[in-house]
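Got a structure for you, questions after.
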């Protein structure tokens, strides 16, 4: 299809959502907000289209599946928006996958992890990402995408 | 079937077994006892029937599969007996899934984790469960189920 | 008396309650529940009678008196249900008394100590008990007694 | 002036830059980028105008002057973009001033503080801000402003 | 003036208030109370007059200004009531200034710092003060002054 | 007796002295001062009479006896002045007794515990008291009583 | 097939590769070398044939799949060469699976983990393996296999 | 009696045994040896008679009773042999009582506490004793007494 | 003036004194010596003249003023002698200012900070200075200046 | 001698054994095996001859003598097999000597140091070696030599 | 000689003195006492003769020489009195030599190491000795010898 | 010789160089500089002659030999310049020898140890030296000598 062909030439940004993020909207809305993941992905796609890029969104409760996703789609992409959920604080393997992908990565958290339990304060992925957007709800995803496109435009 | 229909009206309690618990009976019986997981599940079902509830038992070596299980079956259940195995000490994601499920949860460990290596002393799930039953072997599962039914009856 | 004589042949389980547990029912009921210690002891006695054992209940605010109790009654008993209250986290001497008694001991806590202040997370007695029942309210005492009788039956 | 009058009705967002940020553009550009603070402020003003708000920018090497600024301008403002520089990790007083101001605050760091020395990993201000934008260079300021306006619009 | 002359012979006690204390009454009254700093100073002056001493009150958001104050007024004074605010936990320089002043110092905190965040539990100034009055609200200032006068009378 | 009857209507404040405080005046006077405990109690009674309240003073070297005292006299009292001595740093049980009493409590230490050995810096009781008066010698008791009466008058 | 039959009588050694090792050769070759995993496996098979044993090689990005592999193939094998990748530092479950398998295990790391980030210095698996070969690149796998065959020959 | 009168002129050494030491001989003889406390006391008295001093032996499971003992008998004694049992590691109050007594004190432990659990490695009393005799069984008491008499002879 | 003109061609070394150093000579002479800051500055100027350089001396109790000084005078200077006083241990901002200045910096402390309280052992500035001269009193300043001139002559 | 002459052209690998390794075979054979050091050295020489290199073996109980050995023989060698014994965990000087020698070094431990006491888990030399071979008994030395020759062949 | 022959049949106890102990009597007598090492050795020999054993005394400032001594003389001895001096806290190698010797060892310290700097509180040798005698001056050596002979007589 | 005789009356300063410093000039010159130890010693002798003192220089890779040197030459000397090399961070024995010598000691490090690995940040000798000169290369030795002579002149 010509549309696909033309899209193929757009820069691609991966969007990876970690464990439990598929329950957004239902799960503890006081902490995580009431917007569903599907709606967040839809807004990301809309913003991507404004910014002239393509997003591929993926969610899994499996650390291994997230790593598979990065390995499979990383080589054809340039950026990564990643909310690792609970794996943020525990997964050296996901960190290694992000570092190994060579993607310009921005870590996103819906809630302010620094205002929660101490074990949520340290992110194993933070040092291998370019930056973080934390505590700004669903907007954080859009801001991260915006930043990635700006930074890619500079390089 | 009328039996299924009547069961559908019974309160449902999930039973989740984490990694390596499928090898119970063979693996290090001095620590974990010689009863198989199938036999433990059988006894849980028998006790459930006495207590007027239904149990759904599940084991996996995959953290993601355990989270999937809680997300899928949690909404139709009221309680959770969970022995997270080695994930007890390392999985923020499983903790978040338990907390997000809203189930009345009781954590079970076959062996006395406080008499073992220091890294087994801290449970990431403990704070989001109602309580723990530790070190009492296969009986611990039955006691946990009994407690859940008692507490649900009170609420 | 023939009753005493027949009782003497029943296995005996000690029940030790630590500091402040005599105020149960009045003190911070949101944390500890509204049942009095007398009522808990009464239910333990009832359950003991069902299980074919005898319980001796004791409470003190004095660490030394609890140790005296274990030394005096331990030799003629087989099991111990112990809720050390605030001594849980601070008393090496009580730990040594439990270990020295050789009793099959189960530690009980009414509230989920792992969901409270960090200094309540570590129990000095846990490694010398067979197991713990935590956070399940007054039911925890009955479950502990049940477990002890089951385990004694196995040995 | 009528312009001032109409501006007075716009929501006001404070922008506070901490120690050494006045040397941006010259100081260690490999870490902090080559854009000057004046240019960043100019872009913030431009973006504010697009978003329908007013910004008041302030920089000082003096912790006390930053607190004075927050106390003086806080009551008439609604949001705060703050890059506390080296005070991020050491100033309880600035934290208290931010918390006391009641402003919707977003913390910004030009560089990825989590990929630098360990003493830069912990922010004393993070728990009293709504969120953080870290490591995304001068863009981080604009994204923070954008987020604040979005969040204010929601409240 | 003859009044000033007579006052000059009264023992002098400095009162130093650290960052953010000028906002007392407005800022988080649930924590800090609803009395303003001006009112506290007024009560201190009244009590001083009863106790036969003179107080000089000073507030600043600037660590340096507080040190300047101690250096300037210390030599002519005998006691110090100090609420260092957020500097309590971070300022070695203020500690050194208090120690260097040789004044009989009492540290005051309006709120119970030991019931708040862990970083507020440790006071760098405590070891160089004679004592502390903590958590007793505005009364703490008056009690500190009273204690200083008593202790000076003894020496 | 009419005197007792009239006293019964006065607000009652308990005064609890922990281990070794009965040796005051003899033991290490360089640290603890040369006034005896009897004299301190006498001054407390005198001040109580001025303030319109009644004090009940108690000292014990036994943690359990101090808890017994709080349980017995707490329900008829409104405030508590407590110097827990060496139990300050080690007794969770005494802390629980204070918290459970619901009394408005002020912790007192004769010496500046923050200028002594590190293990004396942390008080387990501090978070459940309203405040502390530290390092001001026997005066600290009177100041604590004064503060309690002031705070009770406000409530 | 007669070849398979004869092989069945050879001692079997499992080779387990953890997350991200499937990208060897491409991913950060300065750290991990430029040889692919397929080539490493080929050399292991060649060396196994020289040493008179059979190897079964397996890689997965899923912790659960690695545990499944050990449970399925462990009972028919005698040794294990394992490079757990990022799971080295985080997986209690994989440790338990190795311990539970009863295999003579040697842990291998391509890079010198002790010259990298601190969180890579501690291996949860090390205490349940016979030994480690670290930092010697692809040769480490062959040396581990050689050591296992030597140690099995001794037992 | 003339004997008592002459004894009254002998230097007196207190011997204090902490919790659980009354069970010596029965309790875990592999750790603590098989000699009873009565026999140890008897040998101490015999040795005291050889060394020309008088010993007063006391055991209690109550921290408070041990402190009472030191306060009551300390003023008329010159030395102290103390095995604080489990209080070694937890009692600031007992430490304060020893320090306050001014006695030349030697701490004794039957077993080598440094070869046991980490929480037994640190003695709160050690810094206020002259020295320690550890791990040498019942002989340790006699050696401590011998050392005290030697040191008193020197002073 | 011709003198100023000729001086302008001499290499310039900044000398920055932190909080409380203006009280030298009076404040705790047992620790800091009895020489005043004015006298130290005079000796530095004399030595500078011998070494063929110019010094600009500055003291402030304000962290911000010290940073302002470094920003203002740094660009025209080549070396820095800095005694940060109490800011040594607490100021990331001053560290950043020193690092950002690009000056060859030597840190000086009058007293041996490693023989004092633990919180004085760690200098936040040390890693961004070329070296330290510690504990050698006023001579340390002259030695630091001498070292800077030697090192500048080498570069 | 022609043999010596031809050997001189072979690459040389140093073998350094630290304290207590001269007692191998006698000392705790359950931990360290029953082969003597002389036999290990003989096997190393035999393997060296197969691999086409020369080994120089040295043992000392003196840290200084091991450093002397590295300084004397390092310049003419290319590789180093080192088992530092107890110095592994304590000697910065030996680490510096290894780093300063520029040799391709492999650290060897006979026993699995990670399954022993915690103070044996950290090697000060590990970061300056290329890798480690741990827990594989005397075979570890041969494997290390083999690895060194392979890596030297690659460079 | 017949005397040597008869001595050869006496049990032998080694006495090892670590670094700086050769300066006893001169070095810091307030801490270590004024008796010389020669005099201590002489008293040990006299006591040995009373107890029916032989002592071999050795001092060195070299860790390696102390290990050499234990290796050379250990096999013909049965006990060890060791004061490791500064090596107490730092030498794993000396610990291993003591453990490897299989001697009944008692550690001696002249001063009370637990009342000195924190780095002196932990002895690496303590867990491999039977016990310790600490803080009792030169008498400690004699008491240790006495204990060893008593314990050897029991075995 | 008359020259020696006259020298004998000069104050003597010892210069002690620890392990690996004999390789200066060759070993890692980027860190330690390119001047040899012989040249540094020559410059120290020249400066000593200018300052009117005598230096005795000594280097060893053996901790014990350095202690022997201090014991032998300390009594006839007045000052000590010491660069303990790797022993800085590990040798309590060398610290004790320096403290025991009573010499006015200055610790020297060629490189800035505070800008290197964390284990190099803490010096065990620092608290027993008068001061430190760190990071100033070979000049540091001369400055230390100069400081010692100045301080000796003052005393």
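Labels for the chains are A, B, C, D, E, F, G, H, I, J, K and L, by order of writing; each one numbers its residues from 1.
Here is the rule we go by: a contact is a pair of C-beta atoms (placed from the backbone, for glycine too) under 8 Å apart; a residue touches a chain by one contact, two chains touch by 3 or more.
Computed from a predicted model, the values in this text were never measured in an experiment.
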item	value
Angle, in degrees to the nearest 5, of the Cα rotation that carries chain F onto chain J	180
Chain pair, E-F or B-G, that carries the greater number of C-beta contacts	E-F
Chain pair equivalent in interface to C-F, over half of contacts matched, among A-B, E-F or A-D	A-B
Length of the line joining the C-alpha centres of chain C and chain G, rounded to whole Å	48
Euclidean distance of C-alpha centroids - chain K vs chain L, Å	32
Sites on chain D at which at least two other chains make contact	62-65, 90
Pairwise touch network: line, ring, star, complete, or other	other
Pairs of chains found to touch, sorted by chain label	A-B, A-D, A-G, B-C, B-G, C-F, C-H, D-E, D-I, E-F, E-I, F-H, G-J, H-K, I-L, J-K, J-L, K-L
Of all residues in chain C, those that touch chain B in their complex	106, 112, 114-115, 121-123, 126-137, 139-140, 143, 146-147, 150-151
Touching residues (chain side chain C, partner chain F) in the complex	18-20, 22-23, 27-28, 60-65, 85-90, 119-120
For the chain G and chain B complex, residues of the former touching the latter	62-65, 67-68, 71, 90-97, 99-100, 124
